[in-house]
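Both of the next two complexes hold chain A, though its partner changes from chain B to chain C.
And then the complex of A and B:
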């Protein structure tokens, strides 16, 4: 592990640094932040100063504090959603690959149809009916995103499933759950891990976009997407406050993408 | 020729089936969700008579399959029912906005497609040069940047600092084409930047892939110029993946326009969809969602059909 890290290119190290920084900010937000999450500390849209590192937002809350708490809420929700999406997608994909027949056919057809609808439109339609609570947001996005995970995990599991040791375990009389957990999953790990990084970026950007549209995480919870929306008016006055949270979103996704690029490069075994 | 026709017909048939299934999904999905639409909208304190009358107006009292077919029939005739928020016919709301959205998407495509194919070819031609590096960096950043980040940076630069273009893209029918194009310059530029990287990268990859094949080696040994090899020998064979990625990105443009429309307050279908979702105006959401899905699926279908037709190997069966 450390050896691998030592050989890593500068871009991957940069990515790791960015992600570690974000996780640190998310975990210790209450300790680092100079003010409270929803505390009003001064005038509206104050410029950067020693008291307010990044200035204040549209209600006079400290922007730096909001960004730290935003890291916590935005990243946590995106992470939980991606995790849920993977659990659903992997179980579905592995079931389809091991059971084959009708299970495979029906699951695959359902996923085909869901993937034919643009995910943003689908999510907006469902959210219009069930309302925008954080729980609904997580469930809806996780379910929609799990279709992509299903495709990949089914394809990988198909390959693994055809190997002799799975056949041996099956003849030994192991149950389907055991086959999935102990035979297929460990062998399907590398592509799934890389996919996790990419899906996380996608989900993260997607939630940010929904929050930006006012349909994701609701105020007063600090969240990068809705912070951009709330402060959007400032830009026409030449105050660039919305660029900070928007930049924070871009910063984290660049970091994750850099790591995934490196991981894919290492996993593919290319020497360059 | 026969095999192509068969493939195309099969793909079109599948596309039509998908469209029908998706109309069903939109219908059933909203049907099966918890809560009654009438009670949901009127609130819990509504009188039973009011709820009953409202259900009648929305035809909620009929059995589901009857409602589905009458809804679908009306939809195909262009009658989408009335908006819950202001009672106006939805067709009236949607028609004008859909044309605006398509106008925006098409103008972005008209810039992005030729530019990204040319840049992609150049990147393949000067592989591993500084220019190529720059393009792969740009790709990474456009994948990572949310659309609204790009949009606000452009707005801050071109509209607020330099005061070249309007930050609010309001267009109406009285404007001339030039005025309209001027008004949508910023959203158009944002969309162009967002989709270009992907198309460039795909063009580059497709061409580099083909450059490794023996017939290109042959052309090189004959002493042809590199530009000639790439444009006349490699590009025709790379056409199929390139067309595919172009059509996929057009589909993305129509849908991705939602966020850009909101940033620049552009009167398009996406803006209407977002407004209706927050107002919970479900018939409007249903209609505009289905239209978006239909446009998206048709463009994907077009991508597949074109890439079948443009594949030289399928065109000349042995």
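And then the complex of A and C:
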């Protein structure tokens, strides 16, 4: 692993640096932040100053502090959600591809039905019923997102499954779990990892969208998506406050994708 | 014979480089080649010899990742090396045409044959679409395609493999080129179908006095067509001479090796009905699950301990399906598979681990038969731990033993399949099968994806292992030379039925069953007059009765 890191290109190192920085900020937010997460410290939309590095938000809270705390919620929730959606989606997709027949048919049709309903409306309906706890948020988004992952992993696994080495493993008498874990998964990695980078960013934006509609992360908890939304009005006054959380989202997205690109390059054995 | 005229193509000092491991590496090292009008030049060699690369370079073209580094390619007075694209484009397809190995992969499945035929002549402004259509009928009939008036209106999937390959030759002929480059046009075909295509190619190049570069790895095929032969190896010329001379008096050791006829084993005594390892009785199977469309019918077969049964037939004859039924991947409709005196459950799922362990399989394509993400250690180690619970040092020791048995160095244990050559990969597949200590190994066309000399090594290895371990083989193949080389008994299949079976000597000595005769006589021989002689003997045109030659 360390050796791999040493050979990594500059872009990957940059990506790793960005992500590490974000995780650091998230972990040590209470120590670094000059103020409390929900503390009102001054006037509304103050410009950048020595006291308020990035100015203040629409309620007069310190924006720098909010961004640090926001990293916690945003990164953790988006990461856990994406991971969960991938676990569910990949297991479902691989099962469908290896078992075929009825398993495939029923799983695929269920996914089709779920995908037929617009994702935002689906999420709104479910969240308004089960309530807007963070756990509910994670589970609902992960489940909805896993339909996309299911489709991709099923398609990829179908291709791999048709190869002779999978048949050889079947003939050996291997159980389905081995087939999925050792024969199919390693060969399906590259497209799945690429998708992970993308999905991770989509989840961010989706949480922001839900927050905008009042069903995402609830105020006064800081998260980047809602910070953009809450401060959006400032733009009309020529104040660029909302660009800071937006920039944070973009920054992390770029970082994650730089790592994913590199991983893809290593995993697929491509030598341009 | 073609009338050989003036110099048409002259390649001098051709050096081609390929881009691998972040740098340009020379793959063709200064080849000189001349081709006269109406002459057929055979390029022969194993994969990696640079045959196809040179063939494409004759059109001033290289594959992606290759480049022509130096040399000169003069076609009828035009220098193609370094010529601008529009100049080369005028010549390609128009005056030099190309016929690829796999017609199935080269046709656009969404368009009718005739539309694809007409593309080049219309594009080059030689004729209108309707003129091209009329010309097509003429060419189709010269290529002996059935129903030349209408066959052009079919889609590629509606004609057989041999017909498609001929349709591709027709496409190359559309502009009446001066040169056609044939790149292994019959490699993917059955022996019986191969004859049709060879006969058609020979006929049409003679009729139009077209010069040709014929690329193949099979000396017997090139012997039928070529006036002159160049033997290549690792991008170098080994030997060049006129065809008859090179066949009769090869000068180089390498050429002699290619020419040598394969005889690998002594016949073993027929040991009667004792010691039967596997017995298949009254077996029938279908993919649809109903009795209407049987893929296999009435199959009875015995494989004896320590012996090799060769299962021969064209593609579509049901050979591989039979293997799937025996291994349990496809449960049969009727009939039984008895192994070692025990009747096996029809479906793979209900078979016991011990039964699975006794029967192993080796595949045709070693590239897809090995998981590219597993090291040799895991590939060979898994059956050891799975069947015998071998772990750690003990497992390592056994893996090294197996590597030694297949004649690979111990260091290969840490390699990924991508770091092995085709022959080495196939050896790893053999080791994986051996790791299970099987008593029967099913070999499904195990040498057909390999070069001749490599294939021979693999056959020798299998032979040696059989002598040492007493394992039985069911050897599925369409290559009769392989059959002659290694089998004890032969089973001939046609359209899902066994048409003839028995010990090798009986099957190979006349009188044959009609279909066995067709198969046997279709195997190209090293004699340059073989094809002409055969066509004369068969009279009209050699149409096999197999399913691959559908003429509906």
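Convention: the second predicted complex is superposed on the first by the 196 of 272 C-alpha atoms of A that agree within 3 Å, B and C clash if a C-alpha of one lies under 4 Å from a C-alpha of the other, contacts with A are read in each partner's own complex, and residues count from 1 in each chain.
FYI, a contact is a pair of C-beta atoms (placed from the backbone, for glycine too) under 8 Å apart; a residue touches a chain by one contact, two chains touch by 3 or more.
Treat the numbers as computed from the prediction; the structure is a model and nothing was measured.
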Partner chain in contact with A:91 - chain B first, chain C second, else both or neither: neither
Contacts of A:116 with chain B and chain C, given as first, second, both or neither: first
Which of chain B and chain C A:212 touches, first, second, both or neither: first
Partner chain in contact with A:257 - chain B first, chain C second, else both or neither: first
Contacts of A:139 with chain B and chain C, given as first, second, both or neither: neither
Of chain B and chain C, the chain that contacts the larger number of chain A residues: B
Partner chain(s) touched by A:59 [first = chain B, second = chain C, both, neither]: neither
Chain B-facing residues of chain A, complex: 112-114, 116-118, 120-122, 124-131, 201, 205, 208-209, 212-215, 225, 228, 232, 235-236, 238, 240, 242-243, 246-247, 249-250, 253-254, 257-258, 261
Contact footprint of chain A on chain C as seen in their complex: 21-22, 327-329, 348, 351, 353, 356-357, 359-361, 363, 365, 368-374, 382-383, 386-387, 418, 432, 436
Complex interface listing, chain A residues touching chain C: 163-165, 167-168, 170-174, 182-183, 186-187, 269, 271
Residues on chain B engaged by chain A in the complex (per definition of touch): 18, 21-22, 25-26, 29-30, 33-34, 140-141, 143-149, 152-153, 155-156, 159-161, 167, 251, 255, 258-259, 262-263, 273-274, 276-278, 280-282, 285-286, 289, 292-293, 296-297, 300
